[in-house]
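Multiple structures follow.
You will see two complexes here that share subunit A, one where it goes with subunit B and one where it goes with subunit C.
Take a look at the complex of A and B:
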């Protein structure tokens, strides 16, 4: 018991942080809640470092402390800290401000459950924990748009969640255990394996906003505060992808699941970018772009169990995605939600403009930025597994991606009629921008620190 | 001293330094620009003085980068890349001198140009495929912003077309690189050249991917359509760099990657590549003949000249005679350098004409030779070089290419018709712009000023030098080409 708990220090730290933040919020001290949150996230990141080399599981195999869950903490905890700062910049001084901070950290705790889950029960727990907090955050502005978005999000989540639980019972029946590590027993039972796979694809696919379960994403992102949209688009998505990796790497390849996932990956990235191409709202554009990025993630999932590049590719691209997508949303917070708001933005704010160009080119996969390294690994993993066609589709979509992101870049450097309103930038936002821009621009050159 | 790394990163350092300066006036920006590119040119001369090794890469520099996947920072040169590096550093130096008249956001322009120089030299010097790809793509970004930031009327559309077209073009190369990597577990290009890792269908697929990438970059028919748009809309310096340096990425890659890393597949597909080369050479010449816009005309002659390079490389792949191979590849490599020098000069001169007249249509001019003799004679000399007159830069290159072609693949000699067409179109352009009745409208046109002379005259001297005595270049190229194993 003591051994098991000693591997859970980061999670325990985060859980107690959430409790302290709740108390601070009850005292109507949002700044205190924020401070608790930042310190707690920092401490729990630090506590992860000694556990990074561990490769074990605790509590009878239900929770995994391995490469994937270790890096999930290293990526998601700092990512959440940045999202906290963005939220502070957006909603400082508003009513019920602290409750958003608490929810952010609570959802991250659920995200860690997803990324480390080794058991079906824990998977369900993670999905519910991330879901409930997210619904509340989307509804937070209390206006019509937000309420509608949260409602869609909730109904969609409730339905997909129950379908997932139903489908998991097939796996439980077939394998005789709720542990993922026992899924090997499904070898030779393709129908049962498929039934459960479809259920997992629905449940986690909704969380990761894969096509065809992406409908909620643009509405939810657009209805929520921009910083919350940023958080949802990175933290819950990356957690769902890592959960995919935890679940599927034990499922026998012979059941044919990689092909199903490859199909979904191809459709997701193509439709995501096609839809993004016609958006006039920057938040919705990035929402569809993050749908497409989920498709790229799935290229790494396809290669699980066959390619040694699979796990590193998902981890590296996960880190890159968190940095560049948070950064792009932070720029939207400064420029405005509409694509028209970007007109002349690059000339009015040269430094932030360059940062946005870096984020967008990295999202496209232009070297030597961080996103490029992730994509090379993803392509390599897919090709090594024999999915050359998927890599080709990924490459064609990179061109589509450029067309999507250049729409923002082009309007940033167009002349603007009238004077460009120069709003003051909140200091927390400045921290977020610098941190994400530096990581996006330079981590590609220092990619050697990641596991290979 | 790691001279290669210094030459690659010195320009970038200059750009970063400039961005960090509190005072970014035009004077300071262009001062930094000329000093940095000049110093880089000196460094590349020092690299030249150190020399190359026959049959291998010289001056190799290596540092670990991503050891987990076998990618490292590896630089080195041989007789193929060194002439191109020298050409690059010279053209950037001259561009920096000419660009000193730019007053619109000069600091940003200079920073972009210096970033482009780093990417260009890096592309030629990289010995690690991932590193090569990084430099190759960064150059795209720099050129995109140069076109949309400082181009002419339709720059937005031309820039977008350039970026999307060439990104689509370069991504297949990434697939080929990943394929080669998965077969060896390393991104070291020397390993891939020493023992080509792919065979059979895999090699052919990799070759097709690479050919597509480099055909877009060269550009070869039928994927050349981005070139006229980009050239016409790009600022003068952008055109010079695009034609003089960046088109060479394609031909360099054709030899370094396609020929050296998948030689057997290349030999099998040789006739197809040769046919594309011949068609490109002819097509480029005839379409250039149909242009009345000077910039567009020169852009299309690039398609023609680069077609000869493709012919040379394809002939080398198809023949087994080592002497003929060396002749064909020597011609192709020299043609890359000659084209950079000659077309660089032509784009400078047309840019100078355009900045005076705000006009590029040939018919709008007439009799300018008496008005602006320096500009006129410089243009005449460059045009004669471009049409392949003996004693000027293109002749020794094209002669060797055609010599090898006639011996190895006689049918392909039909491409020589293109030379006649090119002669016709240049004579027509000279007659329309510089001879005939002087047009009153341009009576006050000034001749070349000192800065413009400094940018053009070195190129004119090189045109004659390469034409009359090419051996100082050919010696170094030949030593490498004879030792090539494929």
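Take a look at the complex of A and C:
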């Protein structure tokens, strides 16, 4: 018991931080809650470092402390800290400000459950924990758009979540255990394996916003505060991808899941970019772009178990995606939600403009930026597994991606009639921008530090 | 080691400094490029005295980034550094009064750094990174005067053309890495058989885009919208050279099938682009078409299996074409245009510039003892000794004749006509840059023999080739000087003037369809939704559905009326969402009053989307069920 708990220090730290933040919020001291959150996330990240080499599981195999969950913490916890700063910049001084901070950290705790779960119960717990907090955050502005978006998000989550739990009962029945490590027992029971697989694809596919479960994403991102949209588009998505990796690597390949996942990946990235191509709202554009990016993630999932590159590729692209997507949303917070707001933005604010170009080119996958490194590894993993066609579709889509992102870049450097109102930039946002821009621009050259 | 790093870092840091400091960009740029030049020369000297150098950096897991200096890469690096330095000296004069100087020099230096990284790259990941960086910085440079008419379009076109061809490069490199299991270039060159053929053809596509080979040649002529030093550097010695350099480096791997393709593409380009150049009515565009044509000759030499001949021509062409562009830039300064009618007689006012232009033109045509004579000889000899002599030799000879013809035509235009008095402003720097390059264009040929020794390569015997080449060059010059292109080319002229645009050219074949495709996607989700929804209803609801449908229609109509009223009242609020509604679903938008929200949820979006989701689930389940049966 004591041994098991010692492996959970980061999670315990985060959980107690959330409690402290709740107390601070009850005292109506949002800045205190923010400080608790930042310190807690920092400590939690530091506590992860000694556990990075661990490869074990605790509490009877239900929770995994391995490469994937370790790097998940290293990526998600700092990412949440950046999201906290972005939120502070957006909603400082508003009513119920502290509750958003609490919810952010709570959802991140759920995300860690997803990324480390080795058991169906924990998977459900993670899905519910991330889901409930997210609904509340989307509804936070209390206006029509936000309420509608949250409602939609909730209904979608309720349907997909219940289908997932229903399907998981088949796996439990077939394997006689809720542990993922026992899923090998499903070999030779194709129908049972199929029922559970479809269920997991629905539940986690909804969380990761894969096609055809992506409908909620643009509305939810658009209705929520931009910073919350940024958080949802990176933290819960990456957690869901990592959860996919935890579940599917134990499932026998004979069920045919790699092919189905490859199909979903191809459709997701194509439809995501096609839809992004016609958006006139920057938040919705990035929402569809993050749908497409989820498709790229799935290329790494396809290769699980057959390619040594699979896990590293998902981890590296996860880190890159968190940095570049948070950065792009941070720029939207400065420039405005509409694509027209970007007109002349690059001339009015040259430094932020260059940062945005870096984020967008990295999202496209232009070397030597961080996003490129992740995509190369994903392509490599897919090719090594024999899915050359998937890699080809991925590469073709990066042309589409360029068209999508260049729309923002082009309008940033167009002349603007009249003077662009130069809004003041909050200091927390500056920190976020610099951190994400540096990581995006430079980590590509030092990607050797990641597991390989 | 230090030299390798310095070659790239010096221009890179100088470029960043010019962009950030925004003052004295000329001095910073000259210092950066000068340092890079010294380092490149030191590297070459080190390589000549024996040995290779390698610099390994941590990159991707298991795929470190490498820079290598072999005789081949060191020669390329020295060439890039020399041309860059000369062009930069010229640019100091050319850009003297441009208010955006820091941006110009900054980007130009970044470009030089990226180009050096490309030629020195020792692994494919570095190649890709440098390839993208030169593409992107060339986009910025071509679009430098983005305020002028047509310039942003030209920049975007250049970017998209080369970018779409880059797909070939990406795929080719992934095939190589996937097959060899390593990203190191020298290791991947051991591949043989079908993978080598596939990778070779894919790399050829990438090279065709960058080196402006038929049918992807159009972007290069339009790229002349950029400042002249950009044309001189990018479109003669570096950016365009990237494709040929790539192919020269992978020649050892290319099987016979791929070589045939390379040679054919090159030969056809040499002739087609030569005809375009002959028909051209603008001096800079003539030079651009000529660049395509000369790179065609280089690809032809590679296809003939003698990459050294291509290398020699690449180096000679770099000096020659930069000189020609710089000369054209001087005339452009004088007459504010490069149109043939406008620059007629411009050479008379500037005899020195015309002399330099003339030397370079004769060198390109292949007149001894200028540099182009030796390299063109080598190409002809390679074509004559190649297995595919039957078709390679005629194409090479035709290309040579055309080269002489269009260069003679350009010279004649510059010589005949009214001389106008000119102002001598800024000619010091411009002249200095041109002088260096002219000297190289004239005398570089004598350095070719030691170069062959350095590269340990042997050229085929040259006796017949020399006579044939000289005859072709002279006849081309005579034809071009004395006979109007209209008479020379006959019915081919109008086609050549349109750039041999088959079926609307690349625009018609690629750009327009893809734009139309994107537009079609606008209603994609909506139509998908409608069709699937209908299917679901028919399947599951049967007769009951008709009642619901009419109910829905009624509701939709009420909604429309209500929405229009609201639009009028809340136009300020709706700006945020305007344009999106109708675009995706056309039925509902979120500006509807709060009281209707619940009804909206019941009859509007969500159940439709859930229906789609259910369809998706059904498809997934069906695939999973069918899969085991088919396998």
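To be clear about the criterion, the second predicted complex is superposed on the first by the 452 of 452 C-alpha atoms of A that agree within 3 Å, B and C clash if a C-alpha of one lies under 4 Å from a C-alpha of the other, contacts with A are read in each partner's own complex, and residues count from 1 in each chain.
Everything below uses one rule, namely that contacts are C-beta pairs under 8 Å (C-beta built on N, C-alpha and C of every residue); 3 or more make two chains touch, one makes a residue touch a chain.
Bear in mind that the values here come from a model prediction, so they are computed numbers and not experimental data.
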{"item": "Fit or clash - subunit C, subunit B, common subunit A", "value": "clash"}
{"item": "Subunit C versus subunit B, contacts on subunit A by residue", "value": "C"}
{"item": "First (subunit B), second (subunit C), both or neither touched by A:434", "value": "neither"}
{"item": "Contacts of A:366 with subunit B and subunit C, given as first, second, both or neither", "value": "both"}
{"item": "Touching partner for A:389 - first (subunit B), second (subunit C), both, neither", "value": "neither"}
{"item": "First (subunit B), second (subunit C), both or neither touched by A:379", "value": "both"}
{"item": "Touched partner set for A:450, first subunit B, second subunit C, both or neither", "value": "both"}
{"item": "Overlapping contact positions on subunit A, where the subunit C interface meets the subunit B interface", "value": "312, 361, 366-368, 372-373, 376-377, 379-380, 383-384, 391-392, 395-396, 399, 402-403, 413, 445, 447-448, 450-452"}
{"item": "Interfacial residue positions of subunit B with respect to subunit A in the complex", "value": "64-69, 130, 133-134, 137-138, 140-141, 148-149, 156, 160, 163-164, 167-168, 171-172, 174-175, 178-179, 181-182, 205"}
{"item": "Of all residues in subunit A, those that touch subunit C in their complex", "value": "144-145, 147-149, 151-152, 155-156, 159-160, 163, 190, 194, 197-198, 201-202, 211-213, 215-216, 219, 223, 254-257, 259-260, 263-264, 271, 274-275, 277-281, 284, 312, 316, 337-338, 361, 366-368, 372-373, 376-377, 379-380, 383-384, 391-392, 395-396, 399, 402-403, 413, 415, 445-452"}
{"item": "Subunit C residues within the subunit A interface of the complex", "value": "57-62, 64-65, 125, 128-129, 131-133, 136, 146-147, 163-164, 167, 170-171, 174, 177-178, 518, 521-522, 524-525, 575-577, 579-580, 583-584, 590-594, 597, 600-601, 605-606, 609-610, 612-613, 615-617, 620-621, 623-625, 627-628, 631"}
{"item": "Residues on subunit A engaged by subunit B in the complex (per definition of touch)", "value": "309, 312, 361, 364, 366-368, 372-373, 376-377, 379-380, 383-384, 388, 391-392, 395-396, 398-399, 402-403, 406, 410, 413, 445, 447-448, 450-452"}
